[in-house]
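Look for chain A in each of the two complexes below; its partner is chain B in the first and chain C in the second.
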Partner chain A sequence: MSDVVELTLPVKADLVVLARLTAATVASRANFDIEEIEDLRLAVDELCVSLVGDRSDGRMFLRFIRDDDQIEVEGTLQSGPGESGPGSAPGGLSERILDALVDDHGFDGQDGTPRAWLRKRRARQQA
Partner chain B sequence: MTSPVQPGRDSREKFEEFASTGDERLRNELVESHLGLAHQLARRFASRGETYDDLVQVASLALVRSVDRFDPERGVEFSTFATRTIIGELKRHFRDKGWAIRAPRRIQELYLELGPAIEALTQQHGRPPTVGEMARAVGSSEEAVLEAIEAGQSYRTTSIDAPDRQEGTIAGRLGDIDSGFVGTEDRMLLAISLAQLPERERTILNLRFVDGLTQSEIAERVGISQMHVSRLLAASLSTLRESVVGES
Partner chain C sequence: MVSVAGEVDVATAPALQTRLDEAIDRASPLVVADLSKVTFIDSTALGVLIGARERCAGAGMTMRLVVAEPRILKIFDITGLTELFDIRSTRAEAVQP
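Moving on, here comes the complex of A and B:
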């Protein structure tokens, strides 16, 4: 039932655009309206930022899962030897921004692999 | 590590009191005590130094609107409600301005067509349009529309998109979040300057940003020309900005 789109990115500033564009395109294909798409783009950006922290190396894996009426985005960070990600949930503003933009979101850092996810439902019924 | 916005019991009680009394002093106090949030969000969304001041204005006015519209009975924290409102206003602001577009001309032009198209389609259907509907309205492809949106609104480009700025790292930004003193002075200044605006200017600001009326509707309501409304709005905003930004 679900369609899964996967994207692997180096942690580089100029490539985050691909995460946003992919999210927007998947959402557009799923008939989300423009407000929802803009929210999702912002949220994916926030997710990437909170996942990456102040790192500027390594790789980020993103999965965009499209279901009937919702999109889930999951990001994990692959650390090189001796490196570690943020490892703990980003608090404060990131949390608040994601609260405002999506229906559900979370963060965990099992096995030293930081993972962040979010879920956004489409408000409108499919025409 | 305390957040500058602590929506505790005190705050909730104040909102309940404000909801039933509409007391102006209480309103100012509530706005003032949450200005830190408006500043944080403005900073987070500022991709260029020069836009920060404008964003603070937009965010602060959205905050005022949030205070007026917040319903404490709904069981949502004020900070969540206000964040949603402020982000919404910032999105609209960027949509209107088409900030910092570095894209081919055709994409720039397309982007500038999208704002009015979204507005017209929203009116027409009573809901925001889909990308497909927008593409049909402006005679373009969905792909081009998505590209234009990305080009025009790559505004959330602090941090990893702009590693050269001081707050360009998540660490720097977390520092922001946890500083309880962000904008304390600004807060006071904005509250003072809001209070010091002449009554007519305050009414116009309210009609525009709280009630969401157009300049023409305000003109009709207040009994002056639309041009006059436009001038008064510009003057009031600039007064507010000067207060918030400081005398520099």
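Moving on, here comes the complex of A and C:
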């Protein structure tokens, strides 16, 4: 059975740290090792940065879904007035980081609501 | 020498850019960014470092990084930036001719 943690943040650069903290805490509680926790922390940061782009208004919704051996993170953006748009897929550096640190990731901005997601499996078996 | 500590992300990268720009404006032949006390770095900060390196190269200056923490070095590695930057493990090594 999945555990779901939801976080809503104003789109402000100085609050992305809260997404990282949540990612690290959820991963820690799921018995990810230190390296995996750090990987997920950076991957969630990259997901948020890609999702937000150069926007400075609106709200970001994050869902952390913890299963037996993996964590999935979904992010969507509700833009502020005058800031609607298709969103942007991760750029070169973000793409490389996500490719290296998580098992799957994706981006969808077709319907005007940018959505990004990633999934990281735990390598180590639970004791 | 620009010394950086803590988490360098989308919120703090602009301050890093300001410090690097100031160092480059001083026009010394060598600019060193000491990242040995950095605990977190993301693509925004990496982009700032790439921009500073390009500015240095355009002005005929050399830019070096000090990276001591394996976790931070890993980020440079997975993004292919270990090939782009001159990375040293200590300040002493970074300031050598």
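One rule holds for everything that comes next: the second predicted complex is superposed on the first by the 120 of 127 C-alpha atoms of A that agree within 3 Å, B and C clash if a C-alpha of one lies under 4 Å from a C-alpha of the other, contacts with A are read in each partner's own complex, and residues count from 1 in each chain.
The rule we apply is simple: a contact is a pair of C-beta atoms (placed from the backbone, for glycine too) under 8 Å apart; a residue touches a chain by one contact, two chains touch by 3 or more.
Being a predicted model, the structure only gives us computed values, none of them experimental.
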item: Partner chain(s) touched by A:Leu42 [first = chain B, second = chain C, both, neither]; value: both
item: Residue contacts with chain A in the superposition, chain B compared against chain C; value: B
item: Which of chain B and chain C A:Val17 touches, first, second, both or neither; value: both
item: Touching partner for A:Gly53 - first (chain B), second (chain C), both, neither; value: first
item: Partner chain(s) touched by A:Asp111 [first = chain B, second = chain C, both, neither]; value: neither
item: Touching partner for A:Leu93 - first (chain B), second (chain C), both, neither; value: both
item: Residues on chain A lying within both footprints (that of chain B and that of chain C); value: 13-14, 16-17, 20, 38, 41-42, 45-46, 49, 52, 91, 93-94, 96-97, 100-101
item: Touching residues on chain C, where the partner in the complex is chain A; value: 7, 9-11, 40, 42-44, 46-47, 71, 75, 78-80
item: Complex contact set, residues of chain A against chain B; value: 11-14, 16-17, 20-21, 24-25, 28, 31-38, 41-42, 45-46, 48-50, 52-54, 56, 86, 90-94, 96-97, 99-101, 124
item: Chain B - residues contacting chain A, complex; value: 3, 37, 40-41, 44, 79-80, 83-84, 87, 91, 118, 127-132, 134, 142, 146-147, 149-150, 153-154, 156, 159-163, 169-174, 176-178
item: Of chain A, residues touching chain C in the complex; value: 13-14, 16-17, 20, 38, 41-42, 45-46, 49, 52, 91, 93-94, 96-97, 100-101
